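Below: a set of structures, written as structure tokens.
Below are two complexes that have subunit A in common, paired first with subunit B and then with subunit C.
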Partner chain A sequence: MTVAVFFGCTFIAFGPAISLFLFTIARDPLRVIFLIAGAFFWLVSLLLSSLVWFITVQVSNKNSATQQRGLLIFGVVLSVLLQETFRYGYYRLLKKANEGLLALSQEDTMPISMRQLAYVSGLGFGFMSGAFSVVNILSDSLGPGTVGIHGDPQHYFISSAFMTLAIILLHMFWGVVFFEACERQRWWALGAVVISHLIVSCLTFVNPHYQGSLIPTYIILSIMAAWAYLCAGGSLRNLKLCLTCKDKDFLLANHRPR
Partner chain B sequence: MRKMEKLISINCVKLLITALFYTCVSCSSVEQKIYVELNDTVPCVRLLNATHQIGCQSSMSGDTGVLHVLESESDLDWILNTGPHPPYMVIMETAFFSRSVMLRMKNSSRVAGVAVIVSRTGLAENFSPHTTCPNQNTGVYSAKYGPELANCNVTTWNPLGNGLSYEDFAFPVFALKDENQTQVIRKCYEDHNLRLNGSAPQYPLCAMQLFSHMHAVTDTVTCMRRTDLQNRFSINPEILCDPLNDYNVWASTRPLNNSAKGQTTNESFVIAATRLDGRSFFWQEAPAAEGTVSGIVTLLAAVQALYPVIQLAPPPRNIFFAFFQGEAFDYIGSSKMVYDMERKEFVIDLNNVHSMLEIGQVGLRNGRDLWMHSDPISRMNSSSVEEEVSDMMKNMHSIAAGLNVSLDEPPASQPLPPSSFQRFLRARQIPGLVLADHRTSFVNRYYESMYDDAENLNVSYPPNLSPEEKLVYETEAAKSLAEVATLVARSLYKQAGGDDSNLNNITADPKIVAQLLYGFVIQKNNSWFQSLLPPDLTKKGILSSGPPQFYIGLGPRTYGPVHSVTLFVQHIMANLTGTVTNLTETQCQKPDDISTENKDLYAYFWVSGSTAVNSSGPFCVRAPVRLSKAMSPAFERQEYGSQDYSTWTESRWKSIRARVFLVASRELEMLTLGVGVAVLLLSLLVTYFLSSKAELLFSSARETPTTTY
Partner chain C sequence: MNTSDSEEDSYNERSALVQSESPTIPSYSQDHDMSLPQETDAKRRRPVSSGLDEPVPVERERAATPDGEEEELTLKYGAKHVIMLFIPVTLCMVVVVATIKSVSFYTEKSGQRLIYTPFEEDPNSVGQRLLNSLLNTIVMISVIVFMTIILVVLYKYRCYKFIHGWLILSSLMLLFWFSFMYLEEVFKTYNIAMDYPTLVMIIWNFGVVGMICIHWKGPLRLQQAYLIVISALMALIFIKYLPEWSAWVILGAISIYDLIAVLCPKGPLRMLVETAQERNEPIFPALIYSSAMVWMVGMADTSNPDRADERQRGEGGARAQEGVESEDDVAQGGRRRYSAEEDLEEDRGVKLGLGDFIFYSVLVGKAAATGGDWNTTLACFVAILIGLCLTLLLLAIFKKALPALPISITFGLVFYFSTDNLVRPFMDSLAAHQYYI
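Presenting the complex of A and B:
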């Protein structure tokens, strides 16, 4: 549409991710490195899955719409599975790297915990995934026109931005839950992450009925947020204490040496 | 073994990469959801001369406006005054494309651009965007020569002209010629922009964006100065405008030595001339049927009528046939030829010119008279000129009587109409006549407009004829032009001093005239044109569908440096005046080595020949037909502000295109921005809160995260 829409959608899609990066990651170079590495792993998984999809499209019948749609669904499922595979691969790599880092560092303890690595890698996946989802759409939003001349609904840009926002946060939560599940060998949690990722991706096939895809996605987002909070060490009690500002007493009571 | 495996894997990767590169990448599918690109746009471009710029211009990133169809006066009021969503992109019905409406649009700030629907329904009785006095400053009549006749004081040649082509518009004006495209635009308008019960339409609204940004501004002097600066100081010079140029076609009955400049012998020539070009408001749209094609067809038919007799009984004087290009733009072709003749850089010079007969607009005769226009000033000043001109008129009268064509003279004090002959008179007072179908003002009601087409020339065929049948069908217009051609041919023969007894053998063949007319106003992609052109030209697509366009334009073009019409005329002349040789293709292209052929006297053409099944294929034709450069002398002399010669240039541009899409309301855009800023601020706040309380929130971890905060 115009510059206003471009900035609006950019802020919607990347606002939380940028604020998370600014406040929690930007100051620690180690976290930045692991974020970028995570983004790279996601990119490689996308490259592989798009290669497979591209080849299948070339050999398929380009004129058959149902076949193309079927191929698209196949491509999406394959991409999700590859992303989760690469997330697992990143986990294994980080495990190995941690031992090495421990050997190298002069302190006795690890410079970065597995939990933080889970969060950072999830956010890295999220950044890259969000970028690839929405940058194309943002560049088209700069022009003077809006979607609709062929009958598509008008709220394409803003819906895409909200979807991207959800996906970025979801990747972060999935990362936390996934790594926790791998640490504790809880394979059912792993399966749940994969299945929820599949559900969210396949919900986009309901578009252009944006309510049908956005609302369930945000429901799943809130469920995953709660789960990730619990995995990361939070509890309802902490949350209540925090919100009612009784934290000073709490800290004093639970004083720990630094 | 290892090396083999490595090689195989490397080859596989290479194969994959090349396969990926060869498959084409489709454009962004989001863009396809938003925009409908309009193909085949017909823009109006900017032309400049020594003092002014004319035409249309869009801003650099295109002009966008909400569509509104202009069908009635209330629509005009809505666009200019009351409509709530300015600026508007006006879709103008044919009836409203007039000077008053366009000037009102020009003065309004609420018009982003105009797209004119080109059709014959609703077309006014007359429409001529040219000026009322064509080429008034570069003709022969000026303050020094016949001042009372200058500037159309005595006769307004084009009284129906509204001068739209010579106005400068700050918004783009496009023509919608394709009916399907117009339908797409109308449908979008009807779906989104219609006013229900007098209330304004709701967003989202259908809008159109037109791109036609022109690089040149102000006038030719400025543009050429900037181009010279670029050429001199820039590593990557960007040329802003180009002079209009092409080639004239000339031929003579007795071959002339092309390499000799300035005729040394005392040969005397009769020049028979006509113009090759036309124009209209829009770029490269100039069917010019009555304005130009009538003259071309008549002269070509006259050539065809003359040639057999000239081979048998050559007249004492040489006849020089000339087709001048660029006459619509201050006589580019004829001024260049006269300039070369004056400086003795042309094959003949002005001393050799005995007289001149020019063929103007002769198509709308309709059984009426033909008129012989002459210049009163030269007739008054010189008795020899008066004698010669009277002689010419007498000869033509007697020939016309024999042909049953009524010929007459306009009032003696009337000046010459705009014609190439005026440029010759500027250099030397030679006797000459201009043949036309109008006594005073033009009878062509669509002079130099898009509507001067076959229908204006009354060229119509009975229904259910195949293209091949239409090619040879002799319409009334063809028969009428054939009569004029016979008159011209016989007059030229008599003027060249030929014997009266041979006159009756000179007759134009109506079939040739019919073929010429079909090729030049209906369909250029026909079997006759195909047989006359070289095979490589037809392969390059010079014979596309539809009639040829006569706008001079600039070289080079996709099929070569010469304009398609110039090529057609050149090859038709070669066919009519040439002889078949049995040279091979390589010999035809380089006949220097062959003793019997003379490259100085003749030009050699490799033509396709008939496309019939039992034809022999391409062959070589030798003909005394040449091209001479038609670029205004002002550019040769680098006098870009010249008042004597044509200084017309055409601006350059990067892209000309149009697209249709929906626009959303400003409120929705601001709302999106507002929501985005709110989300960003909210997330900043929440994240700050979370990160500052992180120790507390995530404290019930089993492993103690001793981290560096």
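Presenting the complex of A and C:
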């Protein structure tokens, strides 16, 4: 049972993300590099927020559970804000790098477009965030052990897996919307991304009442998915064409000579 | 366990040396000239020179081709070569981490130490422990420096046969003895019954094929696989036999040594590079992982054959690296093939010293070994990859021999200690409450 839970939860949490990676990113080395750089930026943001949290914990009263919980909530909010700050920082870095490259190459086209970068960096953030949230839990799920032996929730593993899935995909959508907002100077969209991230994280405070955290998270996920789709240039018409295999551009681009 | 001296040098030699090799400009421009008519070809076939034995990818071109296209292709090739290094480094780390997590032998402290770290670490007194680890580091680094100097002297006085023989002995030991030990421990862990005749056959085949692949000729992928496996084996030995704190201090010290040896004018590695350049020989492709074949026109091009031949000889002879890593060198020599048909099409790929593989894997393996935390391992992994990427970027900018250890190891160490002490309690508390950030 433990191995089954391990594999099940792993595939739930990372399945879509890994498929996205394999089908869209793995072939292009530039995208892989930017993905790993995105993961690195997320890591640095986590480091900073952990540092601040650690310091506050050291100076606080370690015995008071409520105070510790309060500090943890503060840590979460700070971490979310820092993550978005680092996302913005990454955007600025990429913009500068792209501009530099353009200037050097005197060409019109960049080797990788800003939209691709948005997608790749969002996925990088998502990978790292998901991995840090769930890898330890997955390795514990291999057992031996009993879930919820002290009255804790029984569905710990599977809910963690679903939450991680949502977070990874959300990071990707946030990345797309965020970069688009920065490109078009739409600051309200930027604020919306930050606020939705805060909402998703704060929703997890009601765990283990999973219906309170998972369902709204998935609703926000679908909204962000639609928004990101629109930002990336999609529309209902495109969707219809794609699904009915009538999209000429796509067919031409993928035409394989026999 | 007293490992032979040869291993010691090899690593350090490897890691330091590889970075110090400077690109061979003539061949590069040759590539470039030949590449002009092929510009419209698929990018795959575009020659990218990474210098002779450099761990570095593409150089920026300042040649006749239009800058824009060149830049873009340069960037894409640079990225391609970075990925060509990411994959083997990742594989090596995965092998090491998988072994550490499953085979407990490599994390048990048996009390035995290498002769290079003679001072015992006393877990009771912090000051004493720190002092002993510093002393261990000093001993180890001095051994390394000493060996490097011997290497340079041997190379200067052209004692190629001696070096060659030493290398073969080291690779024999690594391919047979260490892999036997590894297999033994894996069998013990999984409680697999194995009889000696079968084991002898397995080890014999593994070892002989390895020797052939590495020192002579073999399929590229097989050779790369063997190099990764021996790097992983060496890293595991280091993880087992280096005392806790000494390992960290040694990692730090060796990156500083790498930096000094490669960049200072009087550094041994730099002298080695310069000697090799004077003689117009490739410097120890010894123990270098190469990601691609070098195809050269043996006959058609006038300037090539001599250079190629000399390179072949040079590579075969100038294996001054003692120790296990010798395999790479010789592998390098065997890997040069000559294709007489096409134009000079060189896809040199990119090369990285096995010493770098080993120390990266040591860092990640130690992160995996201490505590059961996967977050630390992941953080170190990402940090090392980013460090490698930055190193390659710097190399592409400066076009000079640069050491590959310092940036990655610094990032790795910073992330290890900060993730272990700061991030781990934070993430554990979050996981306990199931809060997500």
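Keep in mind that, in the parts below, the second predicted complex is superposed on the first by the 240 of 258 C-alpha atoms of A that agree within 3 Å, B and C clash if a C-alpha of one lies under 4 Å from a C-alpha of the other, contacts with A are read in each partner's own complex, and residues count from 1 in each chain.
Simple rule for what comes next: a residue touches a chain if its C-beta (ideal position, glycine included) is under 8 Å from a C-beta of that chain, and two chains touch if they have at least 3 such contacts.
Please read these numbers as outputs of a predicted model, since none were measured by experiment.
Trainee: Could you tell me whether subunit B and subunit C fit or clash when both sit on subunit A in the superposition?
Mentor: fit
Trainee: According to the stated criteria, A:F11 is in contact with first (subunit B), second (subunit C), both, or neither; which is it?
Mentor: So A:F11 only meets subunit B here.
Trainee: By the touch definition at the top of the document, which applies to A:Y156: first (subunit B), second (subunit C), both, or neither?
Mentor: Both partners, subunit B and subunit C.
Trainee: Counting only touches as set out at the top, which of subunit B and subunit C does A:L94 meet: first, second, both, neither?
Mentor: Neither partner.
Trainee: Using the touch definition from the top, say if A:P111 reaches subunit B (first), subunit C (second), both or neither.
Mentor: In the superposition, A:P111 contacts both subunit B and subunit C.
Trainee: Considering only touches as defined above, state whether A:V194 meets subunit B (first), subunit C (second), both or neither.
Mentor: neither
Trainee: Touch test for A:S19: subunit B only (first), subunit C only (second), both, or neither?
Mentor: Touch partner of A:S19: subunit B, not subunit C.
Trainee: In the superposed arrangement, which partner chain does A:I137 touch: subunit B (first), subunit C (second), both, or neither?
Mentor: both
Trainee: Quick check for you: in the superposed arrangement, does A:F54 touch first (subunit B), second (subunit C), both or neither?
Mentor: Once the two structures are laid over each other on A, A:F54 reaches both partners.
Trainee: After lining up the shared chain so the two structures overlap, which partner does A:M172 touch, if you call subunit B first and subunit C second: first, second, both or neither?
Mentor: After superposing on A, A:M172 lies clear of both subunit B and subunit C.
Trainee: Nearest approach of subunit B to subunit C by C-alpha atoms in the superposition, in Å, rounded to an integer.
Mentor: Comparing every C-alpha of subunit B with every C-alpha of subunit C, the smallest gap is 5 Å.
Trainee: List the residues of subunit A that touch subunit B in one complex and subunit C in the other.
Mentor: In subunit A, positions 54, 109, 111, 136-137, 156 sit in both the subunit B and subunit C interfaces.
Trainee: In their shared complex, at which residues does subunit A touch subunit C?
Mentor: Residues 29-30, 32-33, 36-37, 39-40, 43, 46-47, 49-51, 53-54, 57, 68-69, 72-73, 75-76, 79-80, 83, 101, 104-107, 109, 111, 128-129, 131-133, 135-137, 139, 156, 159-160, 163-164, 167, 200-201, 204-205, 207-208 of subunit A touch subunit C in their complex.
Trainee: Enumerate the contact residues on subunit C facing subunit A in the complex.
Mentor: On the subunit C side, the touching residues are 67-72, 75-76, 79-80, 82-83, 86, 372-375, 378-379, 382-383, 385-386, 389, 415, 418-419, 421-423, 425-431, 433-437.
Trainee: Could you list, by residue number, the parts of subunit B that touch subunit A in their complex?
Mentor: Going by the criterion above, the answer is residues 20, 23, 28, 30-31, 33-36, 64, 188, 204, 206-207, 209, 659-664, 668-670, 672-677, 679-680, 682-684, 686-688, 691, 693-708.
Trainee: Please output the residues of subunit A touching subunit B within their complex, sorted ascending.
Mentor: 1-2, 4-5, 7-12, 15-16, 18-20, 22-24, 28, 54, 58, 109, 111-116, 136-137, 140, 143-150, 152, 154, 156-158, 161, 165, 229, 232-235, 237-239, 241-242, 247, 250-251, 254, 256
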